[in-house]
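The first chain written gets the first letter, and so on, giving A, B, C and D; residue counts start at 1 in each chain.
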């Protein structure tokens, strides 16, 4: 049983009618709905929860954390961001969706700005599978399309991924590394670009397949209790 | 002084009028022309030369080998391909252009098939710089365009590059990892996708900049005389 | 059910009494014995079998191939080595043990020589876990020891691993990258350094744990029927 | 001309007689002495300087920053650490020596804890060259030895290096990834493990060679003025 926690800032859905229409139960609600199943149990939390709902206890009970955020990055306290970073380094998996490229935990874990170029033309994106045999691409064809998506463009300021899974092609002329895997500490991190709030992207079958695969991929192999730098003794005399 | 050897199979230029028009002195001639300069001396060879012009002596005197080939891959003797592979592992740099993704030395050095999907629509490619601070991208903007190019599409069967430099966007809807760096043995390898024979791509300023940069990047830091697996003695008692 | 095929050249066990004593049923027999179980079925083959026992049919029915060889590398026909390489690129997993660093399929798949320095002092090796959260290190502590092992020393002529799992420390003063993961084509490759024929290394619990883990890790996610470079059509008009 | 700034916390040299004897002009003084030359100009700063001597102006005028620190990590203000991180992402090179694995800028840039195991037995370390053809290993043999060094042991909590250059072997039985290269943003980062304050390590020829090479390697190819996430326009209509 994989225990997933979805953090969604949950702002757009309350302030913009267009978004509310697409995600009446919030983006977290939409993800929870398709993700929960025989082997996955899902908990959700938002900026409205004390400590963003991400206490140490919750993080310890979380195998994979999913993060969606956009305009509220600064509202996440540094203390929570640090807690999430440390939980990943201790073994928790983390999946950062779309605009979470500028979230505090993502930038902390990768050390780079996560900057990119963007515009909201909302035209078609075609996502190409660069690593067809990766667990995350299981069940996909050579590519899949998102009929309407915000455009993200290179250069994307990230460390070179430990494995690059997807590259996005945009009608408007750009490319983007749309699926990126990292090992950091004991944890696994997956960045997945699709998911602008005004389009029904999380209802799309292929997007759901990827997130489901990523949850399985990111589930911890090993978790440690503490991050320390131990004073040891010589082994050989 | 960097000593460059350009190997071009030199078939299309002799058999197809359209190609002859674009490259009257051969693709090798066009590359030699822009490459030769104060710090670079260039030698060329083709399939017409004995041993493809790539004897052990020539390879020992070569700092960076540039390879263009397409329909004549099988005409390169295995012995020559092996010699090139070994020269790279001993420290010689190598730049594989366009359809050289199926050349014997490229496949030998990477261990994969180099397969991809392709079609000759000849439409526009836009090449995005993914690693702006790499030596190979020096002097380029965010992207550059090739007005007419054969289309290469992912999945490209290569090992994940040690550093990915470019991603190509095609009008016809595809993406491709268009600039890939590798360290193998003591040598450096750069694969660069542009360069279909029917288009005047090697006359384009940005393409010339990339190849010039790549020559500097690939020039050997260290060369060894022999590839061996030495029987040594314990250091500690 | 994971279908494993173990190829062992099976020479030392027949020609050297000391080795025969350690591995009366061959190295392949010893590996098969601990590996076979509820989820793993094992087949073995040797140089004595026609085509090394590695026909296309067998390879198609193999999920993970384990390879041990030392003095008989040249006895493996090029055709068989190529077949194994292609099977890996199509999705079969491969585990290369110890002196298989100079086997034809290993060198073909990585493109480098696999050279290293070595001596047979037979002293202690301590293998450090560099990636504790990798699936392959599951169940291990910070390090484990091999009481007597042939020494392998850097530089090891391999591409930088996609993930480095182990580093070996030798009493005699050397270090070695002892566990290396690669993705190549659709297949996964693991190189594991322990296993000199004169020592009972494959009876050691930690070594068995690693090989068992590696089999699970290397089992195919996706297999393809053919390696091709397809002529496609433009997607966008 | 490469402009180097050396930051040394400069605590041990003032508080411990043993260290003062080894480095009467500070560790920064010792490094400056061997580094300064025809192509390199060196400036130094310490915790005693306002803002650690690392104002935005100084960082803009610095091509490569060298960092030595141990017990004073917390004394570096977060603001200065962030400034250094951003300067690297904008293109400045950075070399982190020895105990700087726990410095704020190092941890920020890599996103991991930099944790390791350690003890001060002060016995011999042998540093093996894993990437002999890298610019950083130029002029070294297969290995070099440090007669007395503090021991650092794996697991070292860092992202897998973009290129691993050195592995350390310790008499006391441990191994360590002693030389690690990273690309982050527009900058290059090199971590180099030798340099405990009580031993005259920075007077050693090989250590000086490595640092000199690393300075050349890390010098910027491209620097940008600002880190931003620009709103752009569609390119294609």
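Just so it is clear, a residue touches a chain if its C-beta (ideal position, glycine included) is under 8 Å from a C-beta of that chain, and two chains touch if they have at least 3 such contacts.
Model, not experiment: these values are computed from the prediction.
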Between the pairs A-C and A-B, the one where more C-beta pairs touch: A-B
Separation of mean Cα positions, chain D and chain A [Å, integer]: 32
Interchain centroid distance [CA atoms averaged], chain A/chain B, Å: 37
Multi-chain contact residues (two or more partners), chain B: 117, 126, 131-132, 153, 160, 162-163, 171, 173-174, 183, 185, 235-236
Category of the chain touch graph - line, ring, star, complete, other: complete
Touching residues on chain A, where the partner in the complex is chain D: 85, 89, 102, 108-119, 121, 123, 151, 153, 157, 159-160, 162, 171-174, 182-185, 227-236
Residue ranges of chain B touching chain D (in the complex, touch as defined): 91, 126, 131-135, 137-138, 162-163, 171, 183, 185-188, 220-222, 235-236
In the complex with chain C, residue positions of chain D that touch it: 117, 126, 128-132, 142, 153-156, 160, 163-164, 167-170, 173-175, 177
